[in-house]
């Protein structure tokens, strides 16, 4: 079954749900999912609706324009429209640690996601074997303080060449420049190895150990210019005890990181994430 | 702000959301929440919608009839309509254990629920003091094998007298007869002290200990004729270890029970529960 | 069954377990629990052991001295010795919110803890009725910026008069002075309404909402001079979504707070908490 | 650092901890971990102790005998002794689903476990590529109703040939015969895709859907003759909602299964599991 997904944001007012559902009904759309949210303080309305395309009377290429004309403009809507038939192209950036990468490759291999992974980019050589065993091109682009800008240029060129839609930083451990981010606004997902906003920055497990917390966590978020401060997509935690060493926290944390990252990727791929004022709306 | 809540169930077909939202829009209703669900296998549609009453052009007493005539009948809808202004009247049945009762009374006292507790009924005297300290009438109706039917008649009489809407069995530990249940279909919530369907029946913590489970749980469900088999509203769990004795499982389980029961009561009071084929739909 | 509990801290070296267990064996003690921990970095050894007193050949009043002479001194041990027969006296400080207080009173009423609550102190009058319904003296000691020092003197006088062993700040919402803390080192438990170290200070639920976290939490810790920075005893979390308002976060958080606080109190009462370098060791 | 691990079970009596720790102290052992448990009802004592071998005055080959003579016999102990230097050899049995297998291979590849995986056995061909990409021999042994006994003979021959210590059924989906089990008592770990004892047998996610549970789970257990009834090593759960289809439950469940299985393998490899009366003791 082919389906269309519409994501809407507009100032809140009466009649939005009626107008959207009426449009879908008039064109023969069988609604599969509807989820809406109103930010009462900001008076903003958010909606995600999906419907079957098979019986829909409008061709794919005409839907956006028709919806804008008949509904969107009068409500000042910001729209995005997606089709389940279009496979998202996702690049994965890694450094030396393999746990998130393996988890992503395994899910991809099992056909769990409607996504292709056209390439993996790393600042180290370590994970080349793993990636190539899955038949995926691996690019080693070293990054030093001096070569950073040049390295990012190479990365961007590859992402363009491979027509990449979004980027997953699977424990990439490098800070991304504002220039790079501007090419992929809310299209770069990072996994941070702490329960943000606790323990921003490097070595969060060491900091967690020092503070003596009883629960550690991981956070998947969109990358923005401010370090570890972008909109949070997903978080998860694990219980720890005093006897766990920093190394054990790292190991236990890795299990949390890969779960959190995969859930965030899934939500992004399913077009279930909207961003407003540095917070995410996660639709059902 | 006064609001209305509409719960719908009908055979699935195109145009339901459009028809409902159009009705609300035409009468000036500002939609606050919409959640819908389609049981694809059974081809049944479920919806919960709430809207502000202040600006609504129909008086409360006319809404049900108008909606039926304009929308409900053509879709063969089963409807229920509620108003936030009507305080639900909830009876609590207890036996000897106080943890769930206290939790309910504390939440009621803190004004956390839009509910009144006109009376508490028990087959024992133990908790009279607690209940009366909160200024709530306490009725002791002993139950023995022989007096059960008679006891239930007394209970029903009190529930009628106090105009009770629904009943919470807060560790009441007695089996309710089919006759009694028929007076309150899907209006009796029981807390069972296991993660159903594991450990149906009496002494579930003993059974959990014997089986050596690593996680215990509790289940809130509507009471139906089959013991511990009614539609599940909420469940929660707690991690246990080999060194925990049965007594410790009981104690840890109590903390889970009261949390689960209070969440189920909250969902019921907020009209967020629909029942279909012995399963619950829990709306947002 | 009467039992003794011994808590030990000393520099790590070989033979400690052997020396302690030999002492207990020689005097006829049947060991019930042993848990030990070595901080490898600081080379410190920690142990908690409990044993039956009935068959023990040393009288209670002689155990401490005998253990010191035969074992403790040669290992430079810091000791503390407790008996299950001595009921801990716990004062509760509250402000206006009742959820933690009710939970504590309910557990106390159910006999869940080996503790007495000789008094409750509040800077407001609101919760007097609740407390007195449980037959516990309630003292209203208002606190203003100017009267703070004087108020603390009154509090300390009451705590002395009632022979209080430790203090629970059950959402007391006032900063405790270093002078006060010095009277109860690692004997004041506070419940902070965030997952520390995230959202230190006032209004953590507002801050959590602004940051758009997907999980909120609560932290029970011993009070030290630095605000919200004392040794963490227990933490717990709850999952939240974008649609939850600050008020809903507060309400969901209250359920977490009372669970966390009760677990911390339980650990403290069971003598299962040692503090070292601002971290807690929680024994089994 | 090389370490030795001793697992003890014996009738409970005074002096066991003293005797064990004295033995270790007398031979220069620096204790790293001690955990003990008493089953009060069965009057059985269980203990796990580990110590550094470097400074130990007894050679590895003499420890068992010396301990038996000096301590074990007088307490009627059942013993097992392990050395951190001996790498456990673990066979993995799979069918068609890859999620648990990938997780195991990824952890093995990252050096997370002190284990070798000398071979993978499957009743299907599907996962050959995955396994061989990791450089591990893959054996396809088809199993039909008639060939089952013969297939198990081939499997046992391979396990012997490869000197396998224990077997992981990573969603193998075949019932193991009592004859096979007798070769590996408490050395076969199975992952069952439900929260046992709920939903024993095939299709547990379908059963969970039908029952309308709000939480699903997975269980790792040792395989015994009675199906899905062996000693539970680890369990974990995930929250689900009414709108999740059976297929979604399967997918969400897979994430739980692989976590649970890996934790159980870790506990087994670390010699932290004892079995008594169909329950496990999981040491720290």
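Observations on the model:
Every chain is named by a letter (A, B, C and D) in the order it is written, and numbering of its residues begins at 1.
Convention: a residue touches a chain if its C-beta (ideal position, glycine included) is under 8 Å from a C-beta of that chain, and two chains touch if they have at least 3 such contacts.
Only a predicted model underlies this, so the values are computations on that prediction, with no experimental measurement involved.
For the pairs A-C and C-D, the count of C-beta pairs in contact is higher at A-C. Of all residue numbers used where chain A meets chain B, over half belong to both copies. The two sides are thus made of the same residues. Here the CA centre of chain C is 37 Å from the CA centre of chain D.
If each chain is reduced to the centroid of its CA atoms, chain A and chain C end up 41 Å from each other.
Residue positions of chain D touching 2 or more other chains: 243, 284.
On the chain B side of its complex with chain D, the touching residues are 37, 40, 195-199, 210-215, 217, 231-237, 241-243, 245, 278-282.
Looking at the complex, you find that chain D touches chain A at residues 98-99, 102-103, 106, 109-110, 112, 130, 133-134, 243, 251, 255, 259, 262, 284.
Within the complex, the chain B residues that touch chain A are 14-15, 17-18, 21-22, 24-25, 28-32, 34-36, 38, 284.
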